[in-house]
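Below, chain A partners chain B and then partners chain C, in two separate complexes.
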Partner chain A sequence: MKARDAVLKLTAAGFIAESSDPHGTGFHVRVILEADQVRAFAAWLLDEGFFIDFVTAVDASPACQVIYQFAHYDAPCRINARASLPESGTIDTISDIYQGADWHERETRDFFGVVFSGHPNLVPLILCDEDKDLKPLLKSEANRKTTDKLGWG
Partner chain B sequence: MVTKLEKIAGPKHRFLLNMGPQHPSTHGVLRVVLEMDGEYAMALDPVLGYGHRMHEKMAEGRPYSGFYPNTGRMDYLGAILFNHGYVGLLERMCGVTVPERAEYIRVITAELNRIASHLVGIGAYVLDLGAFTPILYTFDDREKILDILEEITGSRLTYCYFRVGGVTKDIDGTFIRRTRTFIDRMRSRLPMYRKLVTDNIIFLKRTKGIGIIDRSMALRYGVTGPVLRGSGIAYDVRKSEPYSIYDRFDFEVPTGENGDSFDRYIVRIREVEQSLRIIEQALDGLPEGPVMEKTKKLKLPVGACNFTVEAARGSLSYYLVGDGSDTPYRLKVRVPSYSNLSPLPELCKGMLLSDLVTAMGSLDLVIPEIDR
Partner chain C sequence: MKEIERYAQYLRNESAAGADTVEGGGLLNFPLTRRVLQVCQANSLWPMTFGLACCAIEMMATGMARVDMARYGAEVFRPSARQCDLLIVSGTVTKKMAPALMTLYEQMPAPKWVIAMGNCAISGGPFKVEENYSVIEGVDTLIPVDIYIPGCPPRPEALIEGILKLQEKIAGKRHPWPQRRMKKSTKIHPID
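== the complex of A and B ==
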């Protein structure tokens, strides 16, 4: 799928998508998701034959950002999506749609404390059990930047 | 699936078996907890994190240049390829141009490193299957590459050779001569590997039809690299999103047919041939000139940027969020072995233990890369 088609299709499906310069940002399409859209988004991607690259998070204020990246085997089309984590600290899992997200979500839970609701086995993956509430990649209050200052105004 | 043993003895005879974290065929500190039914593994649970060092946190605590050595310490067999991804990311973010000669040197050394990595992968894989001799031959060949790279990088394993704007040291006539000698040597060795391993009936019987990955499984888990190409999908970042100067070289992306363990092995062998082709073309076209662009100390611009390269085991992405300072605000490293290992529970369910070793070995895992 061409990047331009992906933007059109995503917009038609109700997602906020825009094309991005791959030489500048490294991905072709940028998507901004509402927290309740992630499952619909993942289902759309699976239908269109995208593979999962990674799931992670970036700590920021006012809300932690959950990042999803997907790419395609047949065409250069890399999609980077971001969703603001709701105040509850919980976002839907996509691990039943993309089974590979299982580990990525467990890792994100380890590092940021993001809870993926509906995940069948949200136990520590990379950290040991004693450190499961360490959340090592959360920033201190002094170091946490706002989304504006990270270019995500 | 109800096995014969289960029909006779009921479900109670199942037992847990710990494979690793110290086990010869997990190639590092990977542990897999197996629920066994006789010799069949009915459920698998990989346990990761024994070699976890939190590279991503280290990246946030120091200026970007302090992370160079870390890049060579994740995938220790393909360190230069990890160097390449990181400097590529910084150059893309900050708009740094790289001298032509440096780009050629990057491609030459990266492909040498890829061959060295595949040679370990091939040798260790055959060792897993019980054949000891081939690893001695592959290590002999790899030794030649390590000698060549040691001369210009100063290291034999955890390379830290690339910098933003170029490479640390220029190559000389000796390097070029030794590399050309190596290309001829390696080409003459490939028929020997075919006779010794590829055509070996025991090897074929052990690997054909074992651990088949299809397209659906590959995209649901994000499988990439030779493991994916074994399944007949010609996805290679060097072709699909060409970085550096890979679009100037004529090379093929080898693929398998059935997606089994044998196909993953044969793809690696063929990739060695293709890497030799790339190195040869790069040596022929090597321009004169500087190998390092003069750059000021960089400030990482505000915003997110991604850079993906084809590492020895698949697609490697660095994803960086900058905040205008010289220190990354967040750096995510997406490593290929992590995604390639994740289908294991689905891939190996109901397999004989000895076949599980075959399937897992064919993924060519590097555990410190998975644990980061």
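== the complex of A and C ==
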């Protein structure tokens, strides 16, 4: 029930949301965000009682996709949102809304080079200091797939 | 990382020049005293809690009831490096962990021994691939290792065998006094 309500409420709040088969994809709602909608989205979810699951990224073409996943304690509703990274390589942080995103954003910066503007402490979390610009999970031009081929589910 | 490599090279030079990390000093250098000390050291190795990854589980199992390290005197795990003489590197050492490993090795007073447990500590193990960007391929590139225990992870019995081999290395013979070998006909546990 909550998943269908969530899609309607999200669309009413101005985000592009569609429902998704949880058995096939693992989540109930898929949201596509603009980079400047990320903070409004996180604030809306915090109001509705969602908690953050993870923040990560996928190096696709034409742009890196930053992935957020949220879930709900009381009702089975898992929301997967993705935002295209702008050319500046910077996206807003949500770590003041969801403190749990703090370390996830540090890890995403370590592995993909995504800079989260407004983050209080964007130092390497997993990589050592001399490897902080290594960005090991970025793909070469040949290996990068386009977003529609990625099979988001 | 540069300081780490410089210190590792210094350790290599020291051991190449024949420096002893295990001899006592001038007063204790009589053969009989040395033999007594070696027997004491072999029979009461104090390992450090240095479980980094999956091999740590096997090390814990070796300290537990079924396979028991206390039989050989090596059950006293101490978290402080200054109270230990055995460093069992059990698990993957990443570049981020290397300075901590070197600091702890430096803090251990001589005589000290190192066991590299598991494939990651011996050579980087399953992470020794071309794309590796963060795993140290073998802890013996950093510190001198006495015993290597292969396995991924090695069984607890293999760790016991490594400790017995280390006791042999220290005291000159396997099962130094006062350990007693079980008779071959005993079927309780396969470790002799």
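Definition applied: the second predicted complex is superposed on the first by the 149 of 153 C-alpha atoms of A that agree within 3 Å, B and C clash if a C-alpha of one lies under 4 Å from a C-alpha of the other, contacts with A are read in each partner's own complex, and residues count from 1 in each chain.
Definition applied: a residue touches a chain if its C-beta (ideal position, glycine included) is under 8 Å from a C-beta of that chain, and two chains touch if they have at least 3 such contacts.
Because the structure is a prediction, the values reported are computed rather than measured.
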Touched partner set for A:22, first chain B, second chain C, both or neither: first
Touching partner for A:130 - first (chain B), second (chain C), both, neither: second
Partner chain(s) touched by A:116 [first = chain B, second = chain C, both, neither]: neither
Partner chain(s) touched by A:44 [first = chain B, second = chain C, both, neither]: neither
Chain B versus chain C as contact partner of A:56, first or second or both or neither: first
Chain B versus chain C as contact partner of A:68, first or second or both or neither: neither
Chain C versus chain B, contacts on chain A by residue: B
Common ground on chain A, meaning residues reached by chain C in one complex and by chain B in the other: 126-128, 136
List of chain A residues in touch with chain B within their complex: 22-27, 46, 49-54, 56, 58-59, 67, 69, 71, 73-76, 78, 80, 98-100, 102-103, 111, 124-128, 136-137, 145, 149-152
Chain C - residues contacting chain A, complex: 1, 94-96, 133-134
Complex contacts: residues of chain B adjacent to chain A: 48-49, 52, 54, 56-57, 60, 89, 92, 215, 218-224, 228, 233, 235, 240-241, 302-308, 315, 317, 319, 321-324, 329-330, 332, 334, 338-339, 342-343, 346, 371-372
Chain C contact footprint on chain A (complex, rising order): 126-128, 130-131, 134, 136
